[in-house]
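Two complexes follow with subunit A in common, the first pairing it with subunit B and the second with subunit C.
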Partner chain A sequence: MTDHTMNISENNFEQCLKCTVCTVYCPVAAVKPEYPGPKQAGPDGERLRLKKPAFFDESLKYCLNCKRCEVACPHDVRIGDIIQSARIKYSTKKPGLREMMLANTDFMGTVATTMAPVVNASLGLKPVKAILDSVMKIDAHRTFPKYASQKFETWYHRHAEADQAKYAHHVSFFHGCYINYNYPQLGKDFVRVMNALGYGVHLLDREKCCGVALISNGLIDQARHQAEINLDSVRKSAAKGMSVIGASSTCVFTMRDEYPHLLGIDNADVRNSINLATRFIFSLIDSGKAKIAFRPDYKLHLAYHTACHMEKMGWAIYSIEALRMIPGVKLTVLPSQCCGIAGTYGFKKENYPTSQAIGSTLFRKIEEIKPDYVVTDCETCKWQIEMSTSVSVKHPISILADALDFDRTTALNLKT
Partner chain B sequence: MRFDTIIIGGGLSGLTCGIALAERGKRCAIVSTGQSALHFCSGSFDFLGYVNGFDVETPATTLAKVIPADHPYARIGTDRAIAIARTVPEFFGRMGVKVNGSIERNHYRITPLGIMKPTWLSLDDFNVIAEKSKLPWKKVSIQNIAGFLDFHTAFVADNFECIGTLCTVSAFNTPEFERLRTNPSEMRSTNIARLFEGNDDLIRRCADVINRNAGDAEAVVLPAVFGLLDSHAVEVLKAAVRLPICFIPVLPPSVPGIRTQLTMRRRFEELGGTYLLGDSVTAAHLEDGKVLSLSTTNLGNDALAADNFVLATGSFFSHGIEAHPDKVVEPLFGADVNAATDRDDWYCHDVFGEQPYMNFGVATDGDFSATIGGKAISNLYVAGAVLSKFNPIKEASGAGVSIVTAMHVADIITKKNE
Partner chain C sequence: MNSNGESHFDVIIIGGGATGAGTARDCAMRGLKVLLVERHDFASGATGRNHGLLHSGARYAVTDHESAEECIKENMILRRIASHCVEENDGLFITLPEDDLAYQAKFVEACTAAGINAEVIDPALARSLEPSVNPELIGAVRVPDGSIDPFRLTTANIVDAKLHGAEVLTMHEITGFVIENGRMKGVKLLDHRTKRTKTIYSSITVNAGGIWGHNIAQLAGVTVNMFPAKGALLVFGHRVNNMIINRCRKPANADILVPGDLICVIGTTSSRIPFDECDNMHVTREEVDLLLSEGEKLAPSLRNTRILRAYAGVRPLVASDSDPSGRSISRGIVLLDHETRDGLAGFITITGGKLMTYRLMAEWCTDLVCRKLNSDRKCQTAEIALPGSRKEESQARKYYDIHGSAQGPKYSLDGVPQPSRDASATAVTSASQAETADKSAEWRHGSINAEINATDADSRALVCECEEVSVAEVEYAISNLHIDNLVNLRRRTRVGMGTCQGELCACRAAGQLAKAGRCARSAQDDLEKFLQERWKGMYPVAWGHTLSEAQFTSWIYEGVYGLPVIENK
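And then the complex of A and B:
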């Protein structure tokens, strides 16, 4: 515990000793010399910007916001926050159509799911990709995640909601955009696992996109608005004693830490109510509050990839330990590094080569190991790894759902 | 989550202790606030380099005669400390880190400015220099990468010429370095090292130029910026350069040091250890003179429980101990410290003199347990730079105390459980 009572900043920038360890671990600085690196862009630049905002440098946009600089910092300086806050405060660049489109996941998702077959087919077409590439500057190498024809919320209301009241314990589920619009199966897997553990799953009063893409694309007012709506729902859930569980590491990280640190929205009263699915589940089992049984015939070699925001939260241990509970799983933990996509960053044409260069060592390692699946808590890492390697990627909750002996687990938790 | 032992601090001492325990089948976790001082490592490990300003030649035979009774080595027992030190090269060898040197006789390492300092073990990258005032070459070719500012060739040449070695100085360039120089202020050792990772062609192209520039020199002197993730790049370079290479450590970050940190962490994790990077202990929960569990920033309350705990949090730099306006404290447990009470006694006015604060650190009882209010905490052990009563700079003893006390504490914990 460092005594920060003398600090004038909220992000500890006075604690920076210029040791350069952050730059050592910056995935961008390693491949893109145009980026000044976290020390220069963060605490060093901040000293200048405090003197005169004109010292702001637009090259700060190359920061992925992976926060690996903060994980590496021996003195608890929130370097990533300093850089992102500077972008919010000083950047004069207005978000364009591309930024609007990439960042408005709720709007795009709602439109796309209603016309999923058409949208999926056209986003895969060469001429469409060419237009996205040349006009929108969205790189043609990228494949947009497929949109589902039925939203998770719709499925939930039709097929799951009525059953949830019968369980002894209850949680709220922050499904996020990816589960709702692209991959409802992961949401269904979550409901299945939680139900077997004796927990009913409920949707929030109102849920908006966590706002991570809005923040990184400079749409700050909208991000604040959505954050307020989400926190209002979280507060209502917490008041009923129900934790709010997310499956996506980035959504959870954004609501817990980016809301107060970047958007200036105080969430201290409910921050601990916002939890990650694997952490919640592992803790239940580790503490003996729930029991879990697995199918004896489930045998796979899995490789766990630590997403950047998992690394920052320090919670990879929960996903790793949860996967290790499954007797038939051989688990390889991949060296923790950025895969390069960083949400919407890697979709932008100017970032594509950087994005692939950052991930290259990870992709090589995965091809070397050739696991049955790569497992990660982050959906955009999934897109990147599936595009860049021959291996499919699953969420740990889907692995648990597949490996689970549903009937035995249900019975075990009824008895206790 | 429950472990056999939880180690606070993920640097040289914490990792050594964790690996030593994990090698004996113990389930360990390391909690580390950010990266460690190995990132600033010279590439050599000192055990005891100086006594009263004079170079120590044979630490194994000298130690018992010169070390004060309250020094960590003396408190381990000088024979025991030497016996542990003898096992260290093999300990590193088991994780694939080759070190040269011996506790029987110190050798010399070359500093970034080209000065000779006595040391115990050096990573295989570096030369083991036998004599303080003589290099094994009459003429060397000092070569830098064009635009790299953290390797000071003029100082090195000056100091080498003082001890009778002629020097030529040159620089070499490639389009890859040219591109790095887009950002001259961040053209750092590690960014250069990354260019060489998996790019043997670039290394061989550099070797061609190095060979040409070397002329009639007997050795080539290069900055130690090769081999970040493993030592492959060093091996490729050594094979491609026609003369012996003398690597010189550069200003931080240290490429060989980071490689050592990464290798030690990998070894610890391969042995089943859990390494929690970027997390900090926020509270310790004690009962009846024992630590029960720790809370951390990331994991929350009562997250980490264990039978034994090791405090390997480093000195002032790593906040293992902190100087407040009126006192020096150990911030996690409020453990007793050995430190002068009067602030005026912390410093001496000669900046290069023997600074009393360098000897400040955590007080321990006979078996290296921490004490609080004079009472031993029976399952909290202390290792490395956070310990008191030694001066890593004046003695050149930092790495030795870190490694040897960590291994000693691992032995105590193992024996206690037997």
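And then the complex of A and C:
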């Protein structure tokens, strides 16, 4: 791992010209006066912390790691990374039970899926919510995503795995926790679309949670451990010439960029093998490597929401263009802004008002437009928007799967 | 005192550097009626233009035993009386492969003889104590060096002198003396603000003008033969090191890297310059190149670190009286009683020495003043702490105590390592922006921070974001610390000393000064001068991000605010 003390100029912090545009684009600074904003918390604060760690300011926990500051920065300062690295290095607050529970998605998911009906029912009960709120400080307004009664992996092994070898091309699928434990249908949609395009879908040798929630909740050692396992699997896949595709923008972003920047794990050899589902699919079709046909009767008004990490990767264009391929879709691209949830951030009671204040203009806009669905690549944006508006949210892959003319597409790709 | 100059002082001290301020304090503490006059601002000469190194004396141990002994004694005194100006971070003397490791034994022996605790440590330990150090080092010695802020030190001496009744005039330049029958009776002053002259009388006049003391002595008709030696330094944008890094070899150019507040400083060079350059020194390209190439050898990461600016100070080297040619130079303290030396009664010059020995110089000088005034009051400046370093005064507020060492043993007054007080240094955890600004203010002002009233959102707002200086701190400085312009304010608070070099804070600070009773026109002139002064320091290192920053600053001030375009002269 990188020794933070050896290269103190990392994250380019001294490139900061103090223009303050990062703070202008910070969703938290706009609504929470207690948060000093990315310029102060990042490059300015870093100089103070290099003087004495006692200058570390616990208000850095209000940073939701959206990285919109980095997108705004004209001088390539990794402001979000500076802030998150400072939290990792200097924070004296130890993760509590709440942080362990929110961050350990694999453990919680494995336990919960085995008794999904009970867990789902009880997490929705008022007394349980009251206890979560008062004891665990998980805000009562929040609804935990429902757990599935069958994990995606189980479904895959029973119903899909055997068919995959017959395709001409192959990819690995990083399904992530949400698909595996909460919403296997999205994983099934991905397999369906990829199969139609002539691609077999395979699971990784071993997959652990990408670790984003562990990082933001301060469980760094565990995050490093899981990152090593995932990268090991990615390397095995890449050695077979198979890209690793994820549907969740945050999982993909974490494995590509947070591993080296925050966990100090070098992934340069396989970073480009890790790709996002919409980007991979759109590129296939755009380059003519695959063809796609849609149902003529599929007619919907969709509104695309750019998740923060999509903005950071600069990849929203791939999802937007993929949706625009569907003839019957009227697409409204919502103004790119943070919805406020930022993974586990918005679940914490102290962050709930901030979270909702950040998203409020987005929610109003959605209610004004009243699309049939909001579409986004991020599962936590989905929870936030569904909780805060009257509109349902879908992943672009699910939209493609619904709109797809499966038989015609399969035939088109067999010919080529 | 009225402007007719009818009042009479026991002693007038000329020069607002550390020595003059320290002498004013010492004299005032011994009950004398004191006036200090300074032509510009406190610490505007050599005092404010050096490394800010709390020498252990190790640098002089081999070549100048007497200076080394003085240094370690004063070092231990300053840790106690000026704790808010001092950072107890220790120093390393490293031997690189190109250096002679045999020098180390000689060095340690000389340190020990001078009473300096010099401990040979394993190069691996040195690398872990100070990760920025050149990893190729083959030897390391740990010594009780530290960092000291000369601006704060001088200000604290001034504040305490005033608390003991001293009067202080800044922006007052000596134009002549009143000398009658071989006795100096007073000084003629020009007030730079009003352009009016005045005469003030005293029993004794002390020349503490540093290199400018040469000219002051000339005005009095006596000769003090000094030689200005210029030393250039570079300021980096943030701390690369937390311990002082020196080369373990015969003192040479650019072989000390000192962390100071939020930056670090490499220096120095050494070259004789003519007197007429003392007031307008420029750092040359050759000096910058030398500082960088040598500095990288101490800490290789300096190569990639942004340089904020370059500056130069001038050492007052004094020719010994027996050899006015200047070939025999004394680096020690020079106290001249012009009554016995030149037959001019009532005039004393205190010069030579170094920042480290300012207090001892003041003590010697005040002892002589007291003898002449038949006072037997004893010096107490080694025992009584300066304002800002009195922890008992800050009971009303939380005292963060952030100056202590973060890494390893402390040194007690006799140089023996003491257990670290780490727990108190990191005990502060509650979160808010106001708190980091409050901690920064305490770092600068020590226990005096209790007088800075950052009580509401407006007063907690930051004027200077890089250095975290609040509106309340600026207001405090304007009301209490002799602020006439932005440069004065910078020396008291660090406004404009950070990465942006005034880009964001200069206009805000100018607004604060205008609000405090200056007219808008003069505030604008002041703003122009301040930005010119900042650019002068950036110019010798204007490449990379420093140049981008300067360009951005010019867009704001020349493009948006319409200030006149700065010309390079």
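The criterion applied here is as follows: the second predicted complex is superposed on the first by the 408 of 416 C-alpha atoms of A that agree within 3 Å, B and C clash if a C-alpha of one lies under 4 Å from a C-alpha of the other, contacts with A are read in each partner's own complex, and residues count from 1 in each chain.
Just so it is clear, contacts are C-beta pairs under 8 Å (C-beta built on N, C-alpha and C of every residue); 3 or more make two chains touch, one makes a residue touch a chain.
Keep in mind that what you see is a predicted model, and the values were worked out from it rather than measured.
Asker: In the overlaid three-chain picture, which partner chain does A:Val24 touch, first (subunit B) or second (subunit C), both, or neither?
Answerer: After superposing on A, A:Val24 lies in contact with subunit B but is clear of subunit C.
Asker: Check whether A:Asp286 is in contact with subunit B, with subunit C, with both or with neither, and answer first, second, both or neither.
Answerer: First partner only, subunit B.
Asker: Now for A:Gly314: first (subunit B), second (subunit C), both, or neither, which partner does it touch?
Answerer: first
Asker: Let me test your reading of the model: by the given contact rule, A:Pro36 touches which partner, first (subunit B), second (subunit C), both or neither?
Answerer: Both partners.
Asker: Under the stated touch criterion, which partner chain does A:Asp57 make contact with: subunit B (first), subunit C (second), both, or neither?
Answerer: Touch partner of A:Asp57: subunit C, not subunit B.
Asker: On the A-aligned overlay, A:Val333 touches which partner chain: subunit B = first, subunit C = second, or both, or neither?
Answerer: Once the two structures are laid over each other on A, A:Val333 reaches subunit B alone.
Asker: For A:Cys73, using the defined touch cut-off, is the partner it touches subunit B, subunit C, both, or neither? Pick first, second, both or neither.
Answerer: It touches subunit B, and subunit C stays clear.
Asker: Same subunit A residues contacting subunit B and subunit C, which ones?
Answerer: Subunit A residues touching both partners: 3, 19-20, 34, 36, 39-40, 75.
Asker: Could you pull out which subunit B residues touch subunit A in their complex?
Answerer: 1, 33-36, 39-40, 179-183, 185-188, 190-191, 194, 197-198, 252-253, 258, 266, 269, 274, 276-282, 296-300, 317-319, 322, 324, 331-332
Asker: Show me the residue ranges of subunit A that touch subunit B in the complex, using the header's touch definition.
Answerer: 1-3, 19-21, 23-25, 29-31, 33-37, 39-40, 70-76, 272, 286, 311-315, 317, 321, 333, 335-336, 361
Asker: Under the touch definition given earlier, write down the residues of subunit C that touch subunit A in their complex.
Answerer: 131-132, 237-240, 242, 259, 261-262, 301, 304-306, 400, 402, 406, 425-426, 428-433, 435-436, 439-440, 443, 465-466, 468, 498-500, 503-504, 545, 548-549, 552
Asker: How about subunit A: which of its residues touch subunit C in the complex?
Answerer: It is residues 3, 5-9, 13-20, 34, 36, 39-40, 43-48, 50-55, 57-61, 75, 92-93 of subunit A that touch subunit C.
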